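Shared between the two complexes below is chain A, which has chain B as its partner in the first and chain C in the second.
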Partner chain A sequence: MKRVLCAWFGAVLLLAGMAPLTAGAVEPIKIGFGMALTGGLAGNGKAALVAIQIWRDEINAKGGLLGRPVQLIYYDDQTNPALVPGIYTKLLDVDKVDLVISGYGTNLQAPAMPIIMQHGMTFIGLFGLDVNHQFHYDRFFQIQPNGEDPSISSIEGFFQAAMTAKPTPKTVAMVGADAEYPKVALEGARKIVKQLGLKIVYDRSYPPTTVDYTPIIRSIQATNPDIVYVASYPPDSAGMVHAAHEVGLKATVFGGGMIGLQFASLKQQLGEMLNGIICYDMYVPSTTMNFPGINEFLAKYQPVAKEEGADQLGFYLPPFAYAAMQILTQAVETTKGLDQGKIAEYIHATEFDTVVGHVKFAANGEWAKPRVIFVQYRGIKGNDLEQFKKPGTAVIVAPAEYKTGDVEAPYSAIAH
Partner chain B sequence: MEVSLDLLLSAVVAGILLGGFYAAVSIGISISFGMLDIVNIAHPAFIILGAYAAYIVNSTFGLDPILTAIIMLPVFYLLGAGVYQVYYAVFERRGDEALRGLAFFFGLLFIIEVGLVLVFGVDYRFVEAPYIGPTFRFGMVDLPLRMLVPFVVSMVLVVLLQLYLSRTFIGRAIMAVSQDRLALQLMSANPGKIKRIAFGISIATASLAGAFLIIIQPVEPSVGRDYIGRVFAITVLGGLGSFPGMVAAALLLGIVESITATFYGPSWSPAVAFGILLLTLAFRPSGIMGR
Partner chain C sequence: MAAKRFWLIAILVGAVFFGLSLLVPNQYYFQAGYVVLQYIVLATAWNILGGYTGYVNFGVAAFFALGAYSSVALYKLAPLPLPVLILIAGIVSGVVGLGMGYLTLRLRGAFFSIATLAMAVVMQTLITNWDYVGGSRGAYILRPAQVPILGNYIVYLFLIMLILAVITIGIARSIERSRLGFGFAAIRDDEQAAEAAGVPTLRLKLVATTLSGALMGMAGAPLPYYVTYLDPASGFSLSYAVNSIAMPLIGGMTNWIGPLIGALFLGTIQQLATVTISSALNLLIVGLLLVGFVVIAPNGIVGLFERVVERARGRR
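Showing the complex of A and B:
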């Protein structure tokens, strides 16, 4: 009996000793990023994280990347740009990650760029507006489908759609938050408005801490504009929609670059008040956007997101975050290594098939062909979230390639 | 922009309604900072906690958010009293409240925020109530019920608290502790107990303020940070420890913000509002109705 026990203990000790050796033999591929998990942008940051974790689980179930398991190393950037350089320095110098991707949002990508460039890493941005404009970094890629000139292409669809409204608009009111994205968006809108020969009757910004938006909407109403273009963040978007509804805004077209209207929580809260609004989006269920794999991805994402308290629909950032990982997977596997230069070169040269459709990048790292869509909300009844999962409540009015309906106008005549 | 009577009237009314909301979020600070000299920088986080309490009950049982907040008042009172007990035992009793106490409330702010993130996630939350959406129209003036209902309840809350402070024994003791702690002790009252009650009341008001906030806009755990500067500014502008002063300051700030946003551009609103604060303090350092 003693001999049997000794042999058993011996075997256990031997196996225990071998375990680190075995683990060492398949060193994981570490992918590092900062992500807004708290703070103002956390709603999307958390949703992106869920999508990336789905990708990690799938790739590990298939045997990993280059035969090595994938490990995600991420830190909460707290939606604070000041923390981003420190996070990426730690990821690259202390955690020694093999690949990096960005956090969510323009403000949290730009501060990482100098560190990323210093280390020569390939960097895929998860939704940012014109981040590479100042850096001209040839290993930067942006998964947001803005096109080569993001300041214009992410906005022009709205005005293209607006100009098809009857009666044809002649005047425009523009308003946006005093923050990075709305400023860039309003600048782009001014250029387009000038090209279209529209008269600007109101052009102002507001502090992001504004509580009541009714004075702003009343002030806009007093200028009697045909188009009201808004560039706002989620709480302001909700405030603007409430105010437009309460004041009874009279405009031919109302909407624009209102971040938040794409999210389940705001869709559910605003419900019928959304009817008639034209707003940018990235993906909505429709016959023209039925990309291979998108439904399977959303079927996996939605139950997890509900449990994690992230965006329950996941139409906005999650499919694109997942697509970014698909692109990285293909690039690493095809180049058979982690050479950052080769990976970047491959991404530049290749058109990818992803859950968000074909993706081909331009020289500046933006999508070669813009694909921001503009939807008009219609026929929304009550606050049931299920109605948004089917085609119909968000009709694509621009661009022509993905269009599923014409603009209905004026906004003020549509019941909301 | 041309100043028309209807725009001016609408701007003033919108400012008054906004001021009512500001009064609700500032009333707790008016008690803790204005009367007790406790720099409770975590107060906005308690407001968010109130908003989430309203959200949970509203989304689960469909109960009105303001009614929920009223039901939750004792819970928030006990929470506040508990927090004060810790603050008193660890900092105030040892005379460490100035800087370490401030750090304590900063810590509390982040703990509440991260706690909410861990429990509820980071998605925006909202409530449903019959008064979110409809607007009363009286001639040239619109009264959105989403702003009107919080304004009315807020004013009722202020009046009730003012009556409590001026007409009851405990209320007078709270006023006394804010004026002369030693004299109160000489009257054989326990200042620690009185302050605990007062701090409990200040946190209880966060329950209602939170319900108002989530009625007005969608809420996520970090949104409270936006209000830190504003609530302290209102308390100082009104005069430390003065409820009528605080209400006057909240209404003034609301009206100024609204008129500036309507006629001169919304981005000027904070500059004009805080400019008024600086001017007031320059000519009347104790605030509008300061002690």
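Showing the complex of A and C:
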């Protein structure tokens, strides 16, 4: 009996001792997302994750969000859209996350939308193409500087720059993969080409499974175009550049919407072959893009990325992923809570200063003002990545606001 | 067990399972359950041709995506209830299955399998270039958030897939114990001998390809309502074919319960791996399990169980 009483007494003391500890423990703010950490989009997914983790470490070092530590809960969506509904339901119903952001890419954002909308969450998307045009969700925001009409804004800079080339181009060849982004880009390019009065001499698409691009470049060459506009995903972008180099493509301007040329891996692989190409980009080191905090962010990102096997330069997606978290931080701290409606209202009403510049959202959640840049690669020597970290190898030729140089043409005369 | 009694028990089990599922307080269970049920339908449908008849079909994704894109096309044409879309998808995929059967009637073994793989490539190319269903850009499907009585739309999708799974298992089991099933088994064991013995092999093969194709298409029909955005790359994903073949192989290919066990086992492991290990390791799991089962239990879990039972009886 005495022993039982002692045990009860001990248990009560233990619980009493634990009580202040439990009351003092602060519940973390959970931020949930799915991210492509394996599969086709893993290269960028990993880079985005590193950026978000840097933000988490910084915010926790400052005392957290609303005085609570931040915890990231994320799952690998394996670049598989069919897994996305399950992942976001798990995050919201089982893990009970307080805030959500999206994975990388259009087809990994769209499947999450019905679940997000059902829960009334504010949702920040990473590099999706016009995802909200079907859903019309007023708590959706896209982190990609495409502007309200992505089909035009991500292309027109290329043609603006191309038309400044000497001799002035008169004909254009357009080619792209049979896939989502190239299809949108080519549609936009046709509209712009019509406005500019250029003559289309080649307008074809190729299956995404294509491996040999030399016949495509040869048939383009046979039409003798002044401008060659390519809309492609990373493997085809590399294939097209290799083929143009091999065939000795003769054109005044070559480039366009070639996804992949922004990545460290392709920059390193293609090296000098990039010289002369004009391509879209989101950020390059230059005097006109010296946004507050960008250099500090990249200084933190690059060593971590090297260790983690993510994109070593981090110019493409990482600063934008970090900017998404800056926006979320400001919205949560200013509204002093996690009320999703208030957070969305605040994001709609505010212009944010981020590491990727000023961000203001339009009613459809896209950026109010497009800010895609077009760069011409120049003076690249060998395959050393360090040369891309300094201004000069990627000269901004459009838009005028960020311009650091004029177009050099013809492409065929530039050593590559 | 009589066919009628089996159907009754299957419906009862399905109803009890759904009733118990409604007690689960979170929607994630229904999301994950939908995927597992979808694989039960796919694996059982594949087994009708691959397991019963011995014709290995690598074109699962083609039939599955055909069902999904039938829904997309009809959604754009006129909004129809999901059960009607499933029925139409079944007819479309069944007709394509019949066509595939006719085109490949002279092919056997690896040549048949390669032809089905080629058909998936042809189908994907056609869909990629068909702008009406979104083409290479993909298509959005806006589903209602709520449905009457059941509430959340995912519960409705879960119920639809559960009904489809019960029907598919019922069909597979009925075939197994019928003249049709014996005919399929005769083709699987020795097609020439079966032909010589008077088994109408061509007709039976066409029945198998049509039925298998139709059920796969029916499994694909609700997919656009599940993912809400469908593009050819995800609709024709190789993982559907890999899983649909791996599940009967792991469960057992010669009877209806094998694909069911395989799909429950592998499907559940994959769903758990997605939110625990959280990486594409789940495909590695499929690969390792396949290698393991081929070595340890070539007749799947059912075969292993039968062997254990036989040994136990032998000892007595």
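Here, the second predicted complex is superposed on the first by the 392 of 416 C-alpha atoms of A that agree within 3 Å, B and C clash if a C-alpha of one lies under 4 Å from a C-alpha of the other, contacts with A are read in each partner's own complex, and residues count from 1 in each chain.
FYI, contacts are C-beta pairs under 8 Å (C-beta built on N, C-alpha and C of every residue); 3 or more make two chains touch, one makes a residue touch a chain.
This structure is a prediction, so every number in the text was calculated from the model and none was measured.
Colleague: Putting chain B and chain C on the same copy of chain A, do they fit or clash?
Modeller: Chain B and chain C clash in the superposed model.
Colleague: So, does A:E345 touch the first partner chain B, the second partner chain C, both, or neither?
Modeller: A:E345 contacts neither chain B nor chain C.
Colleague: Taking the superposition as given, does A:P111 touch the first partner, chain B, the second, chain C, both, or neither?
Modeller: second
Colleague: Touching A:L83, do we find chain B (first), chain C (second), both, or neither?
Modeller: second
Colleague: Quick one: name whichever of chain B and chain C touches more residues of chain A.
Modeller: Of chain B and chain C, B contacts more residues of chain A.
Colleague: Return first, second, both or neither, reflecting whether A:D178 touches chain B, chain C, both chains, or no partner chain.
Modeller: In the superposition, A:D178 contacts both chain B and chain C.
Colleague: Now for A:P207: first (chain B), second (chain C), both, or neither, which partner does it touch?
Modeller: Both partners, chain B and chain C.
Colleague: Does the superposition put A:L37 against chain B (first), chain C (second), both, or neither?
Modeller: Both partners.
Colleague: Does the superposition put A:E333 against chain B (first), chain C (second), both, or neither?
Modeller: After superposing on A, A:E333 lies clear of both chain B and chain C.
Colleague: Could you tell me if A:A222 is touching chain B, chain C, both of them or neither one (first, second, both, neither)?
Modeller: Once the two structures are laid over each other on A, A:A222 reaches chain B alone.
Colleague: Clash-wise, after the superposition, say which stretch of chain C runs into chain B: 60-68, 150-158 or 294-302.
Modeller: 294-302
Colleague: So chain A touches chain B in one structure and chain C in the other; where do those two contact lists coincide?
Modeller: Of chain A, residues 37-39, 178, 205, 207-208 contact chain B in one complex and chain C in the other.
Colleague: Could you list, by residue number, the parts of chain A that touch chain B in their complex?
Modeller: 37-40, 42-43, 45-46, 79, 175, 178, 204-212, 214-216, 218-219, 222-223, 234-235, 238-239, 242-243, 245-248, 260, 263-266, 268-269, 273, 308-312, 383
Colleague: Going by the contact rule at the top, pick out the chain C residues touching chain A in the complex.
Modeller: Contact set of chain C toward chain A: 26-28, 30-32, 35, 125, 128-129, 135-138, 140, 142-143, 145, 152-154, 223, 226-231, 233-234, 237, 239, 271, 274-275, 278-280, 282.
Colleague: Once bound in the complex, which stretches of chain A touch chain C?
Modeller: Result: residues 37-39, 74-76, 78, 80-87, 89-90, 93-94, 106-107, 110-111, 113-114, 117-118, 134-135, 177-180, 182-184, 205, 207-208 of chain A touch chain C.
Colleague: Which residues of chain B touch chain A once you look at their complex with the stated criterion?
Modeller: It comes out as residues 1-2, 4, 7, 10-11, 14-15, 17-18, 21, 113-114, 117, 120-126, 128, 132-133, 135, 142, 144, 146-147, 216-218, 220-223, 226-227, 230, 257-259, 261-263, 265-267, 269-270.
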